[in-house]
Amino acid sequence: MAATRRPGRNHLFIPGPTNIPERVLRAMHVPSEDHRSPSFPELVKPLLQDSKMVFGSTNGTVILFPSSGTGIWESALSNTLCRGDKVLTARYGQFSHLWVDMAQRLGLDVIVQDEEWGAGADPQKIEEALRADKDHAIKAVMVVHNETATGVTSDIGAVRKAIDAAGHPALLFVDGISSIGSLPFYMDDWKVDCAIAGSQKGFMLPAGLGLICISPKALKIAEGGTGRNDRLGHAYFAWKDQLAANATGYFPYTPVLPLLYGLREALAIVKEEGLENVYHRHHVLGEATRQAVAAWGLKPCAKEPKWNSDTVTAIVVPEGADAAKVITHAYERYNLSLGAGLSKVAGKVFRIGHLGDLNELSLLGAIAGAEMAMLDCGIKVTPGSGVAAASSYLRENPLHKA
Amino acid sequence: MAATRRPGRNHLFIPGPTNIPERVLRAMHVPSEDHRSPSFPELVKPLLQDSKMVFGSTNGTVILFPSSGTGIWESALSNTLCRGDKVLTARYGQFSHLWVDMAQRLGLDVIVQDEEWGAGADPQKIEEALRADKDHAIKAVMVVHNETATGVTSDIGAVRKAIDAAGHPALLFVDGISSIGSLPFYMDDWKVDCAIAGSQKGFMLPAGLGLICISPKALKIAEGGTGRNDRLGHAYFAWKDQLAANATGYFPYTPVLPLLYGLREALAIVKEEGLENVYHRHHVLGEATRQAVAAWGLKPCAKEPKWNSDTVTAIVVPEGADAAKVITHAYERYNLSLGAGLSKVAGKVFRIGHLGDLNELSLLGAIAGAEMAMLDCGIKVTPGSGVAAASSYLRENPLHKA
Amino acid sequence: MAATRRPGRNHLFIPGPTNIPERVLRAMHVPSEDHRSPSFPELVKPLLQDSKMVFGSTNGTVILFPSSGTGIWESALSNTLCRGDKVLTARYGQFSHLWVDMAQRLGLDVIVQDEEWGAGADPQKIEEALRADKDHAIKAVMVVHNETATGVTSDIGAVRKAIDAAGHPALLFVDGISSIGSLPFYMDDWKVDCAIAGSQKGFMLPAGLGLICISPKALKIAEGGTGRNDRLGHAYFAWKDQLAANATGYFPYTPVLPLLYGLREALAIVKEEGLENVYHRHHVLGEATRQAVAAWGLKPCAKEPKWNSDTVTAIVVPEGADAAKVITHAYERYNLSLGAGLSKVAGKVFRIGHLGDLNELSLLGAIAGAEMAMLDCGIKVTPGSGVAAASSYLRENPLHKA
Amino acid sequence: MAATRRPGRNHLFIPGPTNIPERVLRAMHVPSEDHRSPSFPELVKPLLQDSKMVFGSTNGTVILFPSSGTGIWESALSNTLCRGDKVLTARYGQFSHLWVDMAQRLGLDVIVQDEEWGAGADPQKIEEALRADKDHAIKAVMVVHNETATGVTSDIGAVRKAIDAAGHPALLFVDGISSIGSLPFYMDDWKVDCAIAGSQKGFMLPAGLGLICISPKALKIAEGGTGRNDRLGHAYFAWKDQLAANATGYFPYTPVLPLLYGLREALAIVKEEGLENVYHRHHVLGEATRQAVAAWGLKPCAKEPKWNSDTVTAIVVPEGADAAKVITHAYERYNLSLGAGLSKVAGKVFRIGHLGDLNELSLLGAIAGAEMAMLDCGIKVTPGSGVAAASSYLRENPLHKA
């Protein structure tokens, strides 16, 4: 008789949502609570303060929206920009593409620098565009830090240098949805004006909480700019209602209580591991994955080593093979969830997400599974080669620095 | 030594968020999952279908947003209306006030019919306004079904009749956040075009999921109206991306997984109890509360019996008493969370929410607590009178019809 | 259509198992773990140490058995006594009766002092019996501290004085299953030799963990007495295997992991509230219950005020009424779980348990429910009288001393 | 800064407790409940009936004790045997050794057939011993089905044939703690008289529930034999109190509520997968593990293939290596929990448990981890060889038969 239940757990290796630590799941298992009670600010205030750490900021202001990360894209744009404003951005994957699309739908005039999928933002081209913009018509530069679709990490520090080199006053908006909390992110150092994050990646929570960290500069523009800002209509994602309520430890509308408790626990976990340890661990696990890819004789989607993402690796299957089949087979036969290739790279790549609450042996199980799925689908790789290469690397490179 | 922990559970009698059944809390305790997996639509499709039942609709289309109810207000307006459009609404409490405010901030031209706080929407005045609007400049009528601030339920069926009597084509938008799932709501019968709900009231879930049920008429306007609609800029709350993804059982962005599983369980619970039983139970608990208020010699904020809400009772404290003190004392001494008076009625009323997953003895505990808190604050009520009256009523009136 | 689900929560007012705090439920939601791991003792050692606090002991040794409280009765007897040994005990309710029965089945020679159901152990009679036992044939005195069946608390301090006054070396075994963690219990002061507890009462956990606290004197007898002890055959409940493993922070057989984590959290809760606060709160809630009983014109099963239990009140229904009907009706109509009369008092009493994690308004809800159930069953009590009396008392008497 | 938290999950590969499916953990997250309520039997009765399926029995009677498996050993012996009774057993590992020890401590006269550790019970020797016992002094044959310490499974069907061939009336007691629910077990076919199980292995629950399935023959002896049975004193583990209460759907003492709800869910899971599928899956995962061991050039503790256990593999490390070091290192460096060698094989073997709710990729992660730990400890195995061999086998052998 065919089983109607699959044994064991699902192996989740998509680039988000990520595995939620059991501690966090437990912390979210809470009854309803009066979000106007006298004791509620004891929960809220530390969250707003402590989550700045993950953004690498002490100067910024964090707002938590009941929303996915997509909403936070909108919040950044709609609080600071006006209909018709010029923004500059680079596009090199599905998520940078979608952000461009949103900006256009909101009525912005988007200057798009298209890069090859597999490359990232080009600081030099950004600098040139800004230098050319003598009258400072460009109000903001938008960059997706980690392009989840291709496994590419752009260099935000270099983008900041480019803006400074051009002497341009544009705001810098960074989508850090699949990087913040996993990859080094230094909001204050990089003078990021809006850093955008979602709960379901490095924060190790379910989706549902959108986080934005706002620089004093952006805040000032949002507050002062009513004369102009009323042109980008918005209400739900407005900062001012949130800020007014947050000041006393409350929210303007009913918060997603379980996610607040989950965030508290997740921040505790991040502190216990140490942010620099978290970053190092992601690097080690990313590199182990790349060792496996190399041992298989395959290539990552990232065109050059400098673009390699430590949160997700997109792997290009050989000519003639169908990555979509590998993904479906891995799920159906081995209960392994891999990320699909999106849009331009659909069918050409599968992705292994290696971010969030993860360790060596979980990753090795996934590498073994990807290998088996490829073999079953007729892709010739040497059995055991991926695990052998990754495990040799991992034996030499502990997850945390001593 | 002073205790740093309060024994027993909090008694939550605010008008939302409501108590979450343990079954629902359990159902939400889930690991992360690939929201693009082949099996994901098995979860999603029934949710979109079954939740229509709670709206009293078979013709409508439900969309689920990661958002609080406030966002759904915006979604209704921004998908159907254009900058400068006229809308007609009545205002009689804090939530109808806030919706007006949002509409204005979004650039709509809002015609406000102010009613006394404690009354509801006046169908006759609505009819008159629509009759006077010969050229149909009014594009929508917005009504808050249950004004949570004052414990007043408006008669949506009568509003519909008024619109029909005026022969006016305006859309009908109803905020059912604190009514849907608790009070009789018949979207199709009342020809509501956008019915707005939040997960944290009658759906017995945490906040974080905004639900909208859309009539075919509204849907058509949203779809066809690109020529006009681009004026109310929006992206996150746009229906079209959701509808496109929903069609195959997916979402355009990462969903709040625990709330989806919670919704599935909550819908199962509603079916097991039966919607008409749910409505009847809310009526019985509401009436029991009113019996207690009468026995105390106090008056509800609702000016006439026809406005009485079966989900929340706002109780006016005697002249000279401070309702805010009663609320604080109830919380600090008896761990009872009552709703505060908001805005115009701050300090004058306290509110007992009696909606969601609730039965007789929980309510009687809260009535006892409200009485004790009033007595402690110097409000003269006869000890035991509230519970005596409410319990006598409850003995005669079972929660469910035989 | 008849509902197949009951709305709201069950009101649990039996004398155990008691309500489990949500924090404890969360703490128990844990994956499996290697109970032989190097880090396991970090969990175990503090439990063994900290749980002594609840017994009022610093000299004692606590052992945790995967077992209900019944098993701990056996553990106390079988580790210290030999087949045919004489033991002295008083019997005044179902649980003291069952312990006698067990002792007899284990082959002990039990001298039973029968007291009226509604009274407790009589220290004077105990002293007399011990004085008469010139050759010290009686090896142990067994007393049920709190007789759950009748709502009677015996005076263990007075029993100790009686033993001392008689100059008798008998061991003192106390069943504190429904008292320890709720009523004052001072193991060291009272020189109790085996104090017996179960997880499901004052420890606010599910059943499944039996706790015994053993005096040095009892331990010495158990260890040294091999020549004699082999007569009461036992293995599972033997102390020596447990003690040997406990010494290094392990257990001789697989422990009930969730209950260990639950115990850790429960002990933290007890510390946060403070044991003396816990005792005071139980007294206040017990007295409030008795005020309600008096206002109803009814009598407790406890024959004299000195026997009143602060964890459970057994209420005698009027001649001609059937307490069993009240209990069934309370459950079916109001979802209120009351305790039944057992054995001799079946049908004559119903019981309200008021122990564990409880506060005023929960108790008042139950009192209201008991009153309604009695009225529905034809027992004439004044509507609201019980809640009025209890709430007046509670307003004057805070749960915790200032 | 050193991290105080380990990232990711623990990889639990001890031979029990096993991984608890998330569904089961959720099902156990329940509030307290009145175990005397009218509706309680709706929970209990199906458990007692359905759990027989896992024992391969329709004739037997299941009793659930709040206890670990060790207690069930005692329950089997103490309900059927008398002090001084002769029992026959084979000893070939730590658990068969401990059962012998218990039987001796309970006062039984134990005839022990010692087998090499790595072998199992020898049916021929059992038959000979029984044939020699002309006057049927041997009252029971005790066999440990799966010796967890050495990874050896004995052939119970062959033992039954041996008893029958000898024409001996002895009872057959089988410890199925680490086999029942994982390995084929056919209680009725094998005419087992007491089958002993614990919740923490094939039942995929925490420890804390001991299960015994009793044949009609054993039941009759227990019931009728009072004249003799009083010699093995017992009370807690007595069957008669349980059976009397079970008959109406209750228990004689407070049950471990979460484990009852967990058992209900676990039985549902077993049904959904199908018992024969469960058995086949364990065989496939066991064989995959053995393929890895062979690829490493190592040997299992089981002396011959026929002894191989499909729930646990004990792996002998090369002369000079210390298995204890491998285990400690695997835990500390890779968060992998392996089973230790016990007693005679301490330091010589480490064990991989492959039972319970498990699938291919989890096992491959553990195999990778064991390999890395061995390499780190100086044991020369070819990197990747274990995973390569196991994964090749697993690609060819699906967990479930088509």
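The letters A, B, C and D name the chains in turn, as written, and every chain counts its residues from 1.
The rule we apply is simple: contacts are C-beta pairs under 8 Å (C-beta built on N, C-alpha and C of every residue); 3 or more make two chains touch, one makes a residue touch a chain.
Only a predicted model underlies this, so the values are computations on that prediction, with no experimental measurement involved.
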Q.
Spelling it out: a chain qualifies if it touches chain B and also touches chain C; which chains qualify?
A. A, D
**Q.** Interface with more contacting C-beta pairs, comparing A-D to B-D
**A.** A-D
Q: Determine the centre-to-centre distance between chain B and chain D, using the mean Cα coordinates as centres, and give it in whole Å.
A: 54
**Q.** Whole-Å separation of chain centres (CA-atom averages), chain A against chain B
**A.** 34
Q) How big is the gap, in whole Å, between where the Cα atoms of chain A centre and where those of chain D centre? A) 45
**Q.** Contacts with two or more other chains, residues of chain D listed in rising order
**A.** 9, 19, 22, 25, 29-31
Q. Looking at which chains touch which, would you call it a line, ring, star, complete or other?
A. complete
Q. For chain C, which residues count as touching chain D in their complex?
A. 9-10, 12, 14, 16-20, 25, 28-38, 66-71, 73-74, 78, 83, 102, 105-107, 198, 200, 206-208, 230, 232-238, 252-259, 328, 331-332, 337, 340
Q. How about chain D: which of its residues touch chain B in the complex?
A. 22, 25-27, 29-31
**Q.** Sites on chain A touched by chain D in the complex
**A.** 1-9, 11, 19, 22, 29, 269, 272-274, 276-278, 281, 333-336, 357-362, 364-366, 368-369, 371-372, 375-376, 383-385, 387-389, 391-392, 394-395, 398-400
